[in-house]
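Multiple structures follow.
Each of the next two complexes has chain A plus one more chain, namely chain B in the first and chain C in the second.
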Partner chain A sequence: MSRTPLDTVEHAAATPDVELPWAELGLKKDEYERVVEILGRRPTGAELAMYSVMWSEHCSYKSSKVHLRQFGEKAPESDAMLVGIGENAGVVDVGQGYAVTFKVESHNHPSYVEPYQGAATGVGGIVRDIIAMGARPVAVVDPLRFGAADHPDTKRVLPGVVAGIGGYGNCLGLPNIGGEVVFDACYQGNPLVNAGAIGVMRHEDIHLAKASGAGNKVILYGARTGGDGIGGASILASETFDDAKPSKRPAVQVGDPFQEKLLIECTLEAFREKLVVGIQDLGAAGLSCATSELASNGSGGMRVTLDDVPLRDSTLSPEEILMSESQERMCAVVEPEKVDRFLEICDKWDVIATVIGEVTDGDRLEIYWHGGKIVDVDPRTVAHEGPVYERPYARPSWQDELQADDANKLPRPETSEELKDQVLKLVGSPNQASKSWITSQYDHFVQGNTVLAQPEDSGMIRIDEETDLGVAIATDGNGRYAKLDPYHGAQLALAEAYRNVATTGARPLAVSDCLNFGSPEDPAVMWQFAEAVRGLADACQQLGTPVTGGNVSLYNQTGEAAIHPTPVVAVLGVIDDVARRTPVAFQEEGQLLYLLGDTREEFGGSAWSQVVHDHLGGLPPQVDLERERLLAEILISASRDGMIDSAHDLSDGGLIQAVVESALLGGKGARLIVPDGLDAFTFLFSESAGRAVVAVPRSEEVRFNDMCGARGLPVTRIGVVDGDTVDVQGEFALPLSELRETHEGTIPALLK
Partner chain B sequence: MTARIGVVTFPGSLDDRDTQRAIRVAGAEPVALWHKDKDLKQVDAVVLCGGFSYGDYLRAGAIARFSPVMEPLLEQAKAGLPVLGICNGFQILTEAHLLPGTMLRNNHLHFICRDQKLRVENAETAWTTDYAAGQEIHIPLKNNDGQYVADERTLDELEAEGRVAFRYVDFNPNGSQRDIAGVSNEAGNVVGLMPHPEHAVEPLIGTGRTDGLPFFTSILKKLVNA
Partner chain C sequence: MARVVVDVMLKPEILDPQGQAVQRALPRLGFDGISDVRQGKRFELEVDGPVDEAALARIHDLAESFLANTVIEDFTIRVEEVAEAVK
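And now, the complex of A and B:
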């Protein structure tokens, strides 16, 4: 026991002049004053702890909220949306009585400080969000961004992050089916570790985070609470790194995937027996978040006895218990007569479960410690009524100059030999090279429902063994495009993910996003953010794919240097029969290759401009969302009706990158003919959006062409699947063996 | 009459439902066994599936080996009950000394997931009669601790007695001695291997091959014809 008196509500009222460490906890002066105003007195230490974490950028979205509203305001009409923004994760209807929940989140800052645990607990957190909706998690995806591939620190961060994702996800039994890996010097001190997860449930099993029904018990279950991760949300995720400050490693949580696996099984068993009224996972801001959100979303108040929280470290203060971000914990609200059964199930799975409080008929959240009341707040003021900032934003002064530095004017290859060399350079560059060194460290097969996994255009999971109903997910986000034009860059991220889902034969349904940006206190960054959100909201509206939820990660910058604005967009799709899916790999020699869409001279932000000229300037490719929609319809119809045997979307690296990937995966070459009206360079390297390459069996040629013609999609025959070279007629022929060596050798060589 | 094949779920087991599915696809009846069960519910055979039992803390399979269900399993396996250990299940069987040798961490120190080529060296065990000896098959492999090791004498014995049931072909993914992917006991009723046949039973799923199905049809035929 400490000798100082317990800082109870009574004590706080009696000692108004006590100085509290609000600044150390990350609160601004006016924010602290607002807390005092809400309470009508100074907060207790415990209350201050709660407000400081819940009002942090990470938890309150105080800088981003005013912009994020557009996702709701511009949301397209969609019958598929069952649960929207604001819950642990959004839920969409995929038919046959199934609902799918999915979300992408960031764990960027912790993963830089401690790559293995940062990335591991990122997976853990997103998976608990999925369970909290009532769903069984069925897959994860990991969009990653690292600094320059050859930078020494990348060798520290990348292997740790990959091992952490694998170590945690593999142990949970979740197939890792997608994501991306991108290298760029702008992420040197701020790698992006985003994690996405998908869960499946029946409609009637959807659960929400709310505590209703006076007398219902609040049960904390899972791992014991320790001193790890204290201030993770407020200190780590809501500030820029600064060399002058002490190491933040203790603010990173440590994961135990075995405990999480037990938590999944035990939670799902409790759901099956209908034992749970409301549920919330403990992630950022730990118990502060879980209690205040459960209470504020329900009909009553809540009373919690903090002494009952099982501890890993008995010396923790109540403030620390409230702020701890120890992993693998959940909070359930259970009717009194069902508590025994709930505890029995936890016991079966060797999961510690403790009743720590109950729902009251008042409207206050009250927390007790050693008999004294240390928290007495309106939970809504903690969870939902945090500060909202209208941060100033302005188009940066350098934007015009950047856009004027036109990549289309860069010197192009003049001979066939030079063209060939640049193709090799491209497919062997770190960003375009095979990522199998990374993805082979993830289990793709577990659960036995994986239809497609990376490097396919989207990951695909069968969700019903009888009907073969499936879902697909793709994530994309090109930071180079977004840097050149955040509005269209965000739209291109959506367009690419949407296209990737359709390329595999699935119908795009809904969107989740993870918006990674620099400091919101910099007006230029704030402008990038505002533009990206506006662009994404407009595009979602036009494509009819609502945003169901997501995450914002700000302060991704070191000193003055912010990362490229990186909106990562995940699109979820549905496919009625997974047997109809379209893979990337060429299947059979003799099949005809068709290019769908229009190819223009568009090299701004392109992989070619980066690899060959180390250049970033000009404008990103044009966005034509109506064209994207038409292309998607054609790809889905062609897949359903068996008109195409393989398909690959065209994005970074252009046509040649796509053809090389399809050829290497299928072990079959291609003969390509440069179409009339295009030069070989533009044909191979342009990154015009709204395009895909498909392989059509000869028997389907007429039908396929008729369909494209009737619907008005430009279609160009560009060659045939053939041989063991990629042969661009009249230019060069590259043996598959050489392409394979180049494409597959880069990443292992860099990381060995 | 079909055969009833038990699949044990330990805390941390991952492929239990997949294994049950594979048993169903082969035409047998899967029976869920819980690690705290004290009897085997009169099943005709048992599969110990993959995963990270007890988080693989301490050592892969080392804690699961002491679960209550292992007592009747050990007793009946010694009396001839067919038992298949896949990945973590193989590790548990070596920890329980039903199979010789042990598994170390992969020699490259990374988890590895790939479509692995194997050769069936022994097509006469309870779980391999639907293969031909020498047949090459592709089965997914995914593990962190898959490096099979044993002392030279044990390895020589295994070779001499035809108890090396499977060998890696073209690429040794984990540094296993003599490319060993799976072994059997003397009687041939207990088999363990690192790759995952239960992930290769449906043409649409995983690698698109069904090379793992004969494990389950082999045992079904044996049990039904018995």
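And now, the complex of A and C:
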């Protein structure tokens, strides 16, 4: 084996002309030149590895940063925010001394390459973000998007993703309480696997990622480091430094949920004993990210000896160790006198823990390997001062044509028979059909605190067994709406998640988002992104729900074809007494059905236009955030005061979809009367926002109407819970058994 | 009749949690001197008719597409003669 000399800082300074494979590592020429300028010499291989991975789109947000600033600038005043954007996850005050942290992230590309492990490690990563804040994870949610339901590749990707989420989450003992499953041909080859998690802690337990205090020790703990997920670094290793290396390292990481469970318990025990000064989980960019972020968030100085990192594969080069994305690892900063106790706790949980370095007085991150200094950088230049792009953006030329292609002009059903057939077609279509085949593979109820889970409007978890305080979370996104109008599409995603939380009786508090888009180098995509961010930031400001953090996933495209712009929004809410929650299912025959809100002829981007006409065009439903806020207040008050027994928000599929779901879940039918001023088709299929259907016990009818009247919310009596059919008077009646067969048979048949 | 054995192993760089669990258990149970354990799967396929090149190609196909997940696993195929059944 040929040994080239170790590429130390000294060696790099002495050999300025050595060519490095910066382009292969994804750096642009001007970015590489900036690295050289920052360092005043060529980078070493290890430094290049760190800069290239930390300056990647994924880690640096270089294309999105200029737009994401709005989430901070437009953040509404909120007493609930304890920790905002920039930390591993935002933290929200939910009262009674409790704080909740939550976040949604993407794991899209890995899940396409290897569905099971990609999705599993997505869950693992988001859970580590939660424990890095000092919180105990209590639940996960998974918004998923796949290609066409009947495409052969969906049959490969979907079952793997679902099994991966279930396998990892179930092993960790975390209930999966929400999410979505959407099919659309635009996600073919670019499935969206977003994962969210919620954690709970006491206020005093919040921990931030920073390393301060010279002499404090840096401890790496968890799994050994192997050659996972370092496609790029192997180029450095094989082509430039040592040809004897295996030339291809897998880009796929394999997770070990049992190791992660030990990591959770071990970390929380160390927190409880106040042994930790700073902490960071190792996700994308592994040690490069953890060391540079910990150091730059503290006073800046850190010295690390890479030889001390426990390895699974002794042939790894230092560049590979720095870039490895091996799962289930964390990095803690601990005061010297507490190190022994920290290691003892790790040992008790059978977690490997090693001191790999210490915090220093200076402001340089120095990394050593075999006695040589291979990294000597200002950590801020790696972690925070990466390139920032003002990418050009332009409203695409086809946008006008798309919006002019009005869905309201599509042929509508002309007879009652046709109307009935289209209802059946809708509730049995892959996007509107029951997803229980998928969600029943997740454990919803482990730990015994789950109040609501799929297919409820939001997932709800009890966090205090004495007081019955709980939190609710809903995730929503509609790529079709966002394609028609990214600004309002993003607002509709927020409005729906906000409404979903309120429908279950919880008060919306804060937002996390996962922004999935195509290539930022395409001005049309960049315009969609800019518009969506602007829309979301404006809407968060108006609704008073700050964005606490999230994630951006770009380059979701194959060739020229980008996915629909898909901002997925998670809203977190709080409910003082989970016994007061409102379920979707009809509870009792004879209860009165009321439609809250205004129904207009709005079919652009609707499920009806997709299912019946395979059409996407026109404008999405109007957004009225003040109406959303009022509707939410009514739903929360009605739930608290026991005025409603069930509620369901209206979104894709419109009123009929909501009523069918409530009927099937409750095993009770409904008799519906088309209200004056509306035609049956618009009544059943319109997707106007800001609406919900509630079931009111007769004893509460007057009080409920008075409340809506006093607050100025339009309310229309539309029928009654009754019988074993969904009966639209004067039009058709569908037996629940037939609806159930249609609604519940679709997904199993597709995936058989 | 012949038996074809397909051995499926995780690629060397891929984490093998099961193998690691076994390896960690060994010293606890008093078995020293084992520095690493990797766990795989063995498939025994009883083939009707001769195991000729065509049959092996077919088995290669099925191993590649079904028995192994080649994103994270490697596989090897070998033929094992089966002794006539002995009473």
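One rule holds for everything that comes next: the second predicted complex is superposed on the first by the 730 of 752 C-alpha atoms of A that agree within 3 Å, B and C clash if a C-alpha of one lies under 4 Å from a C-alpha of the other, contacts with A are read in each partner's own complex, and residues count from 1 in each chain.
Assume a contact is a pair of C-beta atoms (placed from the backbone, for glycine too) under 8 Å apart; a residue touches a chain by one contact, two chains touch by 3 or more.
The model shown is predicted, which means the values in this text are computed figures rather than measured ones.
Trainee: Using the superposition on chain A described above, determine whether A:A13 touches chain B (first), chain C (second), both, or neither.
Mentor: neither
Trainee: In the superposed model, which partner reaches more residues of chain A, chain B or chain C?
Mentor: B
Trainee: Once the shared chain is lined up, is A:A404 touching chain B (first), chain C (second), both, or neither of them?
Mentor: Neither partner.
Trainee: So, A:W349: does it touch chain B (first), chain C (second), both, or neither?
Mentor: Once the two structures are laid over each other on A, A:W349 reaches chain B alone.
Trainee: If you stack the two complexes on chain A, which partner ends up touching A:Q441: first (chain B), second (chain C), both, or neither?
Mentor: first
Trainee: If we overlay the two complexes on their shared chain A, which of chain B and chain C does A:F258 touch? Say first, second, both or neither.
Mentor: Both partners, chain B and chain C.
Trainee: Report for A:R312: first if it touches chain B alone, second if chain C alone, otherwise both or neither.
Mentor: Touch partner of A:R312: chain C, not chain B.
Trainee: Between chain B (first) and chain C (second), which, if any, makes contact with A:A394: first, second, both or neither?
Mentor: neither
Trainee: What part of chain A is shared between its chain B contacts and its chain C contacts?
Mentor: Residues 256, 258-259, 350, which sit in both footprints.
Trainee: Which residues of chain A touch chain B in their complex?
Mentor: Residues in contact with chain B: 163, 166-167, 170-173, 256-259, 261-262, 349-350, 439-451, 462, 465, 468, 578-579.
Trainee: If we count contacts the way the header does, which residues on chain C are in touch with chain A in the complex?
Mentor: 10-17, 20-21, 24, 69, 71-72
Trainee: Within the complex, which stretch of chain A touches chain C?
Mentor: 113-114, 117, 223, 226-228, 246, 249-250, 252-256, 258-259, 312-313, 326-327, 350
Trainee: Enumerate the contact residues on chain B facing chain A in the complex.
Mentor: 11-12, 14-15, 17-18, 21-22, 50-52, 54-57, 110-114, 140, 142, 144, 196, 198-199, 202, 204-207
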